[in-house]
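Here's a structure for you.
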Amino acid sequence: MATLNTLHIVNRTPDQARFQHCLAALADGDALLLTENAVLALAGNHLAGVTVPVYALVADAAARSLEPGAEQGIDYAGMVSLSARAKRVISW
Amino acid sequence: MTSSIPPQAETPAIAPTAFTLVITGAPYSSQAPQTALSFARATVAAGHRIHRVFLYGDGVHLASALAAPPSDEPDWPAEWADFLKANGIQGIACIASALRRGVVDSAEQARYALPGHNLRAPFELAGLGEWVDSRLGDGKVLYFHGGR
Amino acid sequence: MTTLVVIDRAPYGDWSGREALDMAFALAAFDQPVSLLFLGAGVAWLRPSEAGSDGPAGALGQKAVHRNLSAAPVFGVDEILACRASCERFGVAGNLVMPARPVDVTPELYAGYDHITFAG
Amino acid sequence: MTSSIPPQAETPAIAPTAFTLVITGAPYSSQAPQTALSFARATVAAGHRIHRVFLYGDGVHLASALAAPPSDEPDWPAEWADFLKANGIQGIACIASALRRGVVDSAEQARYALPGHNLRAPFELAGLGEWVDSRLGDGKVLYFHGGR
Amino acid sequence: MATLNTLHIVNRTPDQARFQHCLAALADGDALLLTENAVLALAGNHLAGVTVPVYALVADAAARSLEPGAEQGIDYAGMVSLSARAKRVISW
Amino acid sequence: MTTLVVIDRAPYGDWSGREALDMAFALAAFDQPVSLLFLGAGVAWLRPSEAGSDGPAGALGQKAVHRNLSAAPVFGVDEILACRASCERFGVAGNLVMPARPVDVTPELYAGYDHITFAG
């Protein structure tokens, strides 16, 4: 299993300042997890320049009629697993 | 306080982690309590452990005993209380946040001569020292904030 | 006395959109003219769901917002408007829940209403 | 319900206006209740009228009887209640918002078999019809929202 | 006294979407009133292109160590007066 | 075990900054290393007040935040950092409450802390 330095969990719409602060904090070896209203970033052009792996909670995406890519969608068990694996978790 | 791991829990692929969940978003204003509950259930199911749930800021409203949501909406305070009891997990509401926002137990009712109390069991009032304790422990502290 | 109720927050993560909808329904229940405008992240309300009436929001333990919104014309809400620029920004352009109508949100649009309100 | 205009009120330079104030932000989370109170006091002082105060969404927490803020911070629920009483102004908390958020009176306590009630007098629970009534009247409806 | 069509009252920091929606709604004959955290727009470059009169609550500005211009600062009585005069008030 | 507490909301209109400060003070009270970072609109905390210790915030019926913040070094908070770009954007550059230090907020800055938290 690849090393995961920091898991960044963000739950806000991409038009909020906190979401942008989160993107600015991403580094190689990190991962980004979109939850709640942050899954809206899956549509439109909100993740330009993001080079780390991006995950999204399928329950949140489905409720908002969005479909994460095949590698992107995870369930709550996946969220737990990522959180346990990561050396550090930042809840934005 | 330790959580009891149900016998059917799978052994996690990596070493078990003790999570403290800090909830700062209120039910019926934010999705924080429901995301946190789904995460907590998945944590226990995977054989990890919830060390403590700490309500801070607007999150203290999750400990209200007086919420009466419509019958076709989930009762998040009741669901959380049931989960904590069933798994023997400590639930703390930050006392400073709670007093400002009108969430009090019978001791605080007496201290401030208030006309009632509304803290739902098994939640207890305590200070930020509980959060510091989690922060200094071996586990991970995750936050579930409101959406704005 | 026409009222415009504006919803500029996305559904599920935030309750204020539901409470704005309740305000619109209350006006309609008293036979008062009322329109809804979805603006900013609020346009996420208008993404059509492929699922049934209960929708996949069930997995979140929340009622699907489409049911609330689809009731709007029945309850007497006059118009459902969607900010065109916001739809493009949030990737819902050309694919709206009926009967939402894309509009350019300008001072002239707002001038058509006596009262303009948000739920929070 | 009409407000009594204190005898010392100045005659406004323009025709008196009847304001309804809708507060949607909670105390100790937002500044909404305090801005609204300053506005309300200035309204009465200028010889205008407050027709009604309507708490909606998170604003219903302003009607809590159990808030116990630190002694060096203002007690916004108490200050608002005193202002409403002193000026004979109707204070309504939206019943749907309030039930979800755990603000209930004794009638709702009985209806939902809750362990207590915490609505502070003179606030009363009522529906959005009160807001519609204000909206259809001659006056102006102003909103005091939370800051995010 | 000049006619005041719409009084726009905004209480949010200028980095929020609602603040931008408010600016986009301003028309000739309107006025903008900054309250609470919106007074932060008095510093920096947040009101570019605004041509209507701009007011700010002095209590909010003073608490945040900002000084409105001579014509800009109003007290709560001034807020009441503007609200009573305006044909329409929008609370953003 | 160094913790970074981030405040990205302006004072007075929002309580979460005060609650973030309480978190920092709680760590310091237990002799744990903790730093504060003011980011985005949060840099408005750092605008120096010309008034006395109770400050003009008294007009709002709130305690002036400067008193809280100036207590930080006394209580054992290690550093007070201010995002340089945010200071410029909100017009507080070159004029900070002491002892705040302007920094560039980058992944490398965050890498220096074991735990990073917001109050809400």
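Here the chain labels run A, B, C, D, E and F in written order, and each chain numbers its own residues starting at 1.
What we mean here is this: contacts are C-beta pairs under 8 Å (C-beta built on N, C-alpha and C of every residue); 3 or more make two chains touch, one makes a residue touch a chain.
Keep in mind it's a predicted model, so treat the numbers as computed, not measured.
Distance from chain E peaks, on a Cα-centroid basis, for B. Seen from the Cα centre of chain F, the chain whose own Cα centre is farthest off is C. Chain C and chain D have centres, each the mean of its CA atoms, that are 27 Å apart.
For the pair chain C and chain F, the distance between mean C-alpha positions equals 38 Å.
Between chain D and chain F the centroid-to-centroid distance comes to 33 Å (mean Cα coordinates, whole Å). Within chain D, the positions touching two or more other chains are listed as 28-29, 31, 57-58, 73, 96, 143, 145, 147-148. Those residues of chain C in touch with two or more other chains are numbered 9-10, 12-15, 40-41, 60, 62, 115, 117-118.
Counting partners per residue, chain A has 11-13, 15-17, 36-37, 59, 91-92 as the residues that reach two or more other chains. Note for the complex: chain D touches chain B at residues 26-29, 57-58, 61, 64-70, 73, 77, 96, 99-104, 108-109, 112, 114-118, 148.
Contact residues of chain E toward chain C in the complex are 6, 17-18, 21, 24-27, 30, 88, 90-92.
The touching residues of chain F, counted against chain E in their complex, run 9-14, 40-41, 44, 47-51, 55-57, 59-60, 62, 64, 88-92.
Across the complex, chain A meets chain B through its residues 1, 9, 11-13, 16, 35-37, 57, 59, 75-77, 79-81, 83-85, 89, 91-92. Those residues of chain A whose C-beta lies close enough to touch chain C in the complex are 11-13, 15, 36-37, 40, 43-44, 59-60, 62-66.
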